[in-house]
């Protein structure tokens, strides 16, 4: 089906189903309960899950397949974002031109950066990409302020030209839309204690992610994908087999740069603002961590990694001491105090600490990332099926 | 001319900090083949050794001074440190004044312990794992160390001044016969420069002239062969890790009077120190030192207003620009060895 | 299938409706965070109202964020009638009565801006979308303020800016739904220059080091213009990277340039480091042009001054508010200024709760919350347009800065500006600055149009 | 008809003359062995042939086309394959994928952005790969990770990879180095079979005289960067110059 093997199609359909029903799955707790704090089914976070999923899927095409560790991928995300916001300012608030332009511009930028950086391998390559990204960040923050808006970034303004759009009614602000369907529009469904939100922007981004994932799977399973893995495995043998590794790695670099640009464009489409710190090295580091955390070189791993990090950042950081006391309200005060004292350093402003501990635990106990964790659980329940076709790629008989 | 001389001096000082951090990082890279993203955190922990020591010295008791009022209008509580009350105001405040240099004695065992525990407890298990895993685990560790410090000391910078004796600056210009105040340099920065020179010299001579150092150098070149000779290279590498931790820690500790330490100072230095190490060339100690000074001096030049006027923004990107140029002209950095961290 | 209800989070959170059975989805096509029947985003329908406190909890400004959060919690207590009431007792408007806002108990949610505009917007959006926050406030940098303000405009909620000092926030990036109590770069320049001229004379040569981003630019411009108007000369203005930690190479050439004043247009960590470095170089002991070399830090923050330690002694700067107003002081001309009752009330309730005096960030956040609540009460509505109109042109007193105007044209507060100096003999770790002058509001006011930008109309989200 | 013409090739490394005026002609569809003691320049010569090194002077022609200045992958695309001393395979990929790669390289050239088609949809390539694996008796191992194969299997895999490209010239760098006698004999049989069943020229660099004399139709003896003798194997055995070269240098083989 769809030109995919059985195991791939299972994973793919699983992702599709999870994505479609995400508003339900991410909101497991009734609205009024104390655990509602852990609900993640609101538009912004759902959008971020899929957008960073795209970013990580793209990064994995480069890192997972060829083994080239880019430490500057956030630059492409940032460049894509700037391209998209300028399209919105100049042409139209319809997201399509912005997204297309973000992919194109990021691709062109990736050709330039990749062409130079790929002259080196290993850590030398990583530092070259890092250097390009840091230069982009520093310049966008300071001397390029006329183009990038500097520290305060860019947002659509009422006074922007928007040549293709009809003039706004007075009092109306420019909003990102898809042929008139606004990204911010939400449908809500209340079922007894639960409220589920279906957001247009999320579904637009989700469809893009599903397409992006589908393309990524096709790339993974294509002869091109095999060649990229050959780059990682043995470049010497590759050359003596009549293959030129350079264009392969450059192509992978550009494709993954375009994925990053796509993610950047979508970020602008969902939330019309760009700031330069989107290109800072920590943002590049984040996508590396997402990929490794989920499982390098696996198909769904990067999406899981992206989801986990964004969940921590957005949910854990919002829990404060008052909320803890609310949870433990039924306990005697002294016990509640102790519990709060123990838990408090790990939540709210301490969410970084929890993140650090999770990084360490995953890499120590699950060397293959979250995907390996999933496989182990799968095996525990006696399922012989390989959840991830990657490590045991068999020819379909 | 004066201006250029001044910036060279500046660059040497800046470079000595870079070189010191890069030296420790390279020791770990070169000996253990581990990409240690927690190295910046070690630098930070070293700085907080000084802060902690200062805090310990400043443990005090409170007396109430009814003549003054606190912010709520109540009588002011005045803190007097035990040290001052025990040793008298002269000796006591003298010790407090010298808290940063004295804390070296406190920091060395702490850093050795941290280095030892880190290597035995964690890093050891990652020698044969991919670099990506090493990055993830050491980055996680760096975050944890950082957050622990933040939990106890907050996010704000904490002032840790140098001893009174080193306050102010030395007039180089006058010393070499130029006009007064053309080339001035803070005393503590000179101390830092000499201190790092001392550390660098100590590490080099340790590796060069002791049998221990020879084995480690041999191990850096070819780990397996040395292992076959029946030498317990693992134990030596543990010691090397502890040494690298001490170097990083002392670099951070001595840096505290220059910039007040805060919990994320390690991350601020991390990227830069990686750039320095790579520009110097993987696995080359002298390369790391050389690159540290080179980048320090170039950064200083780029910050001159005459240079910025010609190339706006150059001060923002100089380090990275130089890194790119060097890596493109010299494939393995200034003095890198072939095959180290190239795959 | 009996009971078909369209519902918002607020209802369920408030607990008025237990179970609504299977509900039909409703389509809100016209706008983003529309609230259906109530006519504006997140209209509170239960007996509570939720405010969103969006402050930096990680990153370099985490301590400042923590102080803001303390002030917000205090404000919520006071609004709900707990505690001693703080500045509610001194506030000139008596609309608030300690029963929450419009009879609804005030609840709040918190988030971490990380001092990054992306993270700040994500956190603000989650407050609006998930928690049903009706107002967002907080922040510790202008980049974040501008980003979140634009978001609130789009979403149709009110944004009450926290600490943001750039002219842009109520200048070229102003938005109808955004309001700022804090002062700005322009006011700093206007207030500081006369004091500087008074203390250091009119023929000074200034050397500026400026953080290379928007806030730095506006501050540099403001200080430059106001000092030059008083006869100073600007020798050079050098931009320093945001990520710079060691400023030695920028400071070393200052003496050679012939300048006799160094202006550090830096904030936060940059300020601590550049000031520490400058003092290390012994600049303040030097004589240039037969004058004592001086250093100026246009925007002071007490929390950050703490990081610079003894280096701040004797150095001039400006601040939005300082707790020592509560005790009165003697200004530069030797005039005794009486204690300010409002500041005293605030310091007292904050100090008794937390054990140390509030920072200017805490003050502005507290005041913004009170002002918002008061505006709702006076407007008898939570509707952003109604609240906004109640704030526009609002004149008030008794919140620590003396008589203040919320100007309608740009949603900027105009009030006296404090010029402060690092204290020579601090009595405690909080006692670092002394107020030397209260520059009257007439000296710092400017025409609303000079910074461009467009306020646009209020957005209610529906 | 000679397929490979090496004329006046010299190569220096600093002061060391690794190759000194080498002239060798390899005839089509023969087995040509190049032997010599350590340091005779055999490996340098091989590296010149595959494009890893560029000679200081002289020419190398393959089937009438110059190889000088061409990159390794271009030379491979012309029909020259190389087997390494220690097998170079794609260790962390499966045996099956190891065979696919050279097949794709043969068909699609040095680079093709062939990124949407599924590998399994390339019916003819898949078929060829499976047939090749059957030919070398490795079909049942096709799902194994190549790095986990035994050394002998790795060698066979590498050979199969090279042969799947149907090269006209196969360069072998000490194919039996470090092998036990039995394995060596198996390899000899394999090579003989290859030679007999295909249109192919084999150039073997070897230490082991047993291998050389069991296989080679023509032998070049090298010492100190120069060919000493160029003759049929039976004429080599007792050649005084060869004796001298081996006794004067290291006695090996």
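Chains here go by letter, A, B, C and D, matching the order in which they are written, and residues are numbered from 1 within each.
Everything that follows uses one rule, which is that a residue touches a chain if its C-beta (ideal position, glycine included) is under 8 Å from a C-beta of that chain, and two chains touch if they have at least 3 such contacts.
From a predicted model like this one, the values you see are computed outputs, not experimental measurements.
Peer 1: Most central chain by CA mean?
Peer 2: Centroid comparison flags A as closest.
Peer 1: Weigh A-C against A-D on C-beta contact pairs and write down the one with more.
Peer 2: A-C
Peer 1: Could you grab the centroid distance between subunit A and subunit C? Build each centroid from C-alpha atoms only and quote it in angstrom.
Peer 2: The answer is 33 Å.
Peer 1: Using mean CA coordinates as chain centres, what's the gap between subunit A and subunit D in Å?
Peer 2: Centres of subunit A and subunit D (C-alpha means) sit 47 Å apart.
Peer 1: CA centre of subunit C versus CA centre of subunit D: separation in Å?
Peer 2: Computed from C-alpha means, the inter-chain centre distance equals 75 Å.
Peer 1: For subunit A and subunit B, let me know how many angstrom lie between their CA-based centres, rounded off.
Peer 2: Once rounded, the distance between the two centres reads 34 Å.
Peer 1: Mind pulling the subunit C residues that touch 2 or more other chains?
Peer 2: In subunit C, residues 58, 62, 66, 212, 239, 241, 243 touch at least two other chains, as defined above.
Peer 1: Could you list which residues of subunit B touch at least two other chains?
Peer 2: Correct list: 312-313, 316.
Peer 1: Which two-chain combinations touch?
Peer 2: Once each pair is checked, the touching ones are A-B, A-C, A-D, B-C.
Peer 1: Which positions of subunit B touch subunit C when the two form their complex?
Peer 2: Where subunit B meets subunit C, its residues are 2-3, 6-7, 9-11, 13-14, 17, 68-73, 76, 150, 154-159, 161, 167-169, 181-182, 184-186, 188-189, 257-260, 262, 264-265, 268-269, 299-300, 303-305, 308, 312-313, 315-316.
Peer 1: With touch defined as at the start, can you tell me which subunit C residues reach subunit A in the complex?
Peer 2: 5-9, 12-13, 15, 18-29, 31-33, 57-58, 62, 65-66, 109-112, 116-119, 121-123, 125-126, 129-130, 141-143, 146-147, 150-151, 153-155, 166, 168, 173, 212-215, 217, 239, 241-243, 454, 456-459
Peer 1: Help me check something: in the complex, which residues belonging to subunit A touch subunit D?
Peer 2: For this pair, the touching residues of subunit A are 3-5, 215, 218-219, 221-227, 229-230, 232-234, 236-244, 247-248, 251, 255, 392-396.
Peer 1: Could you please specify the touching residues of subunit C with respect to subunit B in the complex?
Peer 2: Within the complex, subunit C touches subunit B at residues 58-63, 66, 212, 236, 238-241, 243, 245-246, 248-250, 252-253, 255-256, 269, 272-273, 276-277, 280-282, 285-286, 288, 303-304, 306-311, 323-324, 326-327, 347-348, 351-352, 356-357, 427-428, 430-431.
Peer 1: Please give the residue numbers of subunit A that touch subunit C in the complex, ascending.
Peer 2: Touching subunit C: residues 30-32, 39, 42-45, 48, 138, 141-143, 145, 150-153, 155, 157-159, 170-171, 173, 175, 182-193, 195, 197-198, 267, 271-273, 275, 277-278, 313-314, 317-318, 320, 348-349, 351-352 of subunit A.
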